[in-house]
């Protein structure tokens, strides 16, 4: 896998729809993306004057018939990407990173809007395989900043994406996280969410010896392990390059 | 005049039409422009990401009911300005510089495409006053570079602008310049053209003691005499700031 | 806006607003665009002792989102400056700060002495002129040469001296220390960075071959130099280089400046300084802070 | 494309194309994007004698159309580098040029000696590491310290030495002369410019506070330094800083470089070096010139 070819070039935008500050985008799918799996990502940047230099890491949702991903509008990079219309091109580097490792059939997804792409990819893959997963989705306070729209509106749109492909889906504010987890009693967890959520989840899983995997995020430059920009600290004292993940054992990272 | 207020701000584009690599543009006309006259100019820049920092000097054609100017697409600045559509804004500083001084009633215009704006302003003003002027227009070789279009096509479009407002209009290649001038036998000349044309015109006028005025061009930054960027050499050994002209006595500048 | 007190003290001179022109990009003619009295100070183009022509054209080009200029400090010389230029800056409601330079220390001091009787608010020493007594290297590249020039000017005037440094110096903090030790009252950080711009055929775009880079590309560098100097010295600093937005002003303040000078942005949008003063007043009002609270606020 | 001979000689090492990676922005993993053998050389991230963690995150931010980085040269150390990293660069059809650094001269020389037996094409001396024997100022800021470091490395190896300079030096030509006098075979001009980037609250965006500016904003400055050095010295120069387009390559050649190194543009568009090699071949073909004709062509 890690020696597979990586595509680097412009791809035509086939579709782009924005709702509640989230954009779902599809591009032509070049052959290098065949076989890409949940957890893997691409770097995308708008070919527009004034766009940031660096591509933004975004999880791959599916690769056929079209290359599909979705992103929340967060800062300058995603803002200009959101302006790109069908017919224009986007610069793409990928597929990058490694997919989730083998997961239990009944692995529980824990996520929130900030990391929805990576976990939605997993939920969709399992749905297609006829194996719908359960998910816990942590919502934000209504007044949390979420760009132009309200956090509640954005969260509810993202929830609707999971609702279509999950079995049980529990939406809970952060203080209900443990209760929601107790309700399901997971044997294994696949998670990606903001650090506050992850710190509580890590403690919960550790207390109950539940194994799991965490999809990490960090700002990136090269996406392939060359620049050492995308580091996250581990509890061992080491650091890892997120782009060489982005999935790590749930008990490994420091969630500050 | 030189203490009159100068406008500095964005103006809405009311119209923009491109033909043969020449754009005729109209903007809302702020009060500061009232009374601006031929020879005076503005600095215009597109409010678009990636546009050059500095405004480009363009001659004012008319100020009411709309602020009007025309420009050839030459390099980066005029290229992005040509992309601006009605409804967008353009950043404008002006009116700048000083108008032509008092000219004889039968002053002869000598120009070419590179300096058409300044002399077209004069021709239009006299036409409105019911005093059509004669003009000699120096055409370029057909294969001269003129951006995307051919020089012949561009010259003939610019000629049509003069044709509508001039009395006699002689179009001639450079080597016919003196013959064309002889044909008219001007008592006074108002000229603006490329240096090659101007050098020959200066020699012609000097040999015959014909007085005249030259509209100069130079790349600019401030447009008001502060930065000392827009200098041209004079035969006296001094230099002048074109933006404090742009009109100078025909016998003063060095046309290299 | 006028309700907010934006005044700062720059080395003995009180400015009603912490925004001043960068020398060489501003003139009294800007009074046709906005009331000059709104500025912190009026700073004409650098004056030199004798008349001089400056460099041939082309003198300016755009590069990397900034400008590269090689004007070469043309000057009418001190006499004509005092007789013909200076009067146009008087009685505008803002102090006049004259930028002065020379290529020898004694001429520098004589020029400063001469300007002292002209009712100025301060004198700005442009230390980036080639120093003919040290092989043509700008004074501001070297702590010793800077000390020599500033000390001589100090002895020549009682006016506040603002010393304008160069980002081309290898040890800017040492140069800053020398300027202050020699009696400089404030520092302008800083002038342009030596640069080269070529055309499509590999020829220099400027007649002088190299020039000085200004605008957005130099801001992160000058901001770092302000930060280094402010950590090492207690002296008023005017941040200069790439100031175009309120964020740029706040950044220079956070790094340790108490005022900013604006050059390239004035060329591109002449009213920039006024917009910045308004935006700063608005920011102070909205955030309930004084302008002096912004200096090194996160350090 | 392959019909055109783009080869150049850089201080004793023949490169099949005059485009190489800037250390720290490239790895063997780029072989998944393009054939590594097309590059002039393979240049891994700078290796240091001992394992070290580098700076905390955040390590990178965008600013002024470029990047500011403070990675802090994390390294696995020499042993692990030779055992685990270096093998991944072998047999790719391009010479390996290892970028090495240390914070003391003896450690620098020992590292270079150690690398000498590893079949490299050349060793690149990253002279921008803080020099602990001179108060933490980078070697490349000072001609004497540069001479000391390069001379010690020269004595330690027979391989070509490429010396990477710093644009923060006040007298880059003096540093270049020192590097060449001490036995440097080629110069890389140059590393990043010290810079500061702040967030909306005036706090540093990078954990290390300051960082190094790269990309478009530094190009006009590094181009000027290349020009100055090429006028003063006869030594092969690799232009580095803001190379992203064919025009940038041609500019560095015109200023006096015989090759370019590409960093920031590789981060933004990983295949940039390949596109540049193709575009350069195309240019030479169309204009009927050899790549060596482009060096200082308008001087």
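Chains: A, B, C and D, in written order; residue numbering restarts at 1 for each.
Methods note: a contact is a pair of C-beta atoms (placed from the backbone, for glycine too) under 8 Å apart; a residue touches a chain by one contact, two chains touch by 3 or more.
Quick caveat, the model's predicted, so the values are computed rather than measured.
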Practice task
Taking each chain's centre as the mean of its C-alpha atoms, give the chain farthest from subunit B.
Solution key: A
Fill in the blank from the handout: subunit B to subunit D, mean C-alpha position gap in Å, rounds to 49
Exercise for the section: List the centre-to-centre spacing of subunit A and subunit B in whole Å, with centres computed as mean CA coordinates. Expected result: 57
Fill in the blank from the handout: subunit C to subunit D, mean C-alpha position gap in Å, rounds to 34
Fill in the blank from the handout: For subunit D, residue numbers touching 2 or more other chains are 65-66
Exercise for the section: Name the shape of the chain contact graph, picking from line, ring, star, complete and other. Expected result: ring
Handout entry: Touching pairs among all chains present in the structure
Key = A-B, A-D, B-C, C-D
Fill in the blank from the handout: Residue positions on subunit D within touch of subunit A in the complex are 24-27, 29-30, 32-34, 45, 53-54, 56-60, 62, 65-67, 69, 71, 74, 215, 264, 266-271
Handout entry: Footprint of subunit B on subunit A - complex, ascending
Key = 48-50
Handout entry: subunit B - residues contacting subunit C, complex
Key = 3-6, 8-9, 45, 52-55, 91, 93, 218-219, 221-222, 224-229, 231-233, 239
Practice task
State the interface residues of subunit C toward subunit D in the complex, per the touch definition above.
Solution key: 63-66, 68, 141-142, 168-171, 193-198, 200-204, 209-210, 213, 216-221, 223-224, 227, 242, 247, 250-251, 253-255, 294, 297-298
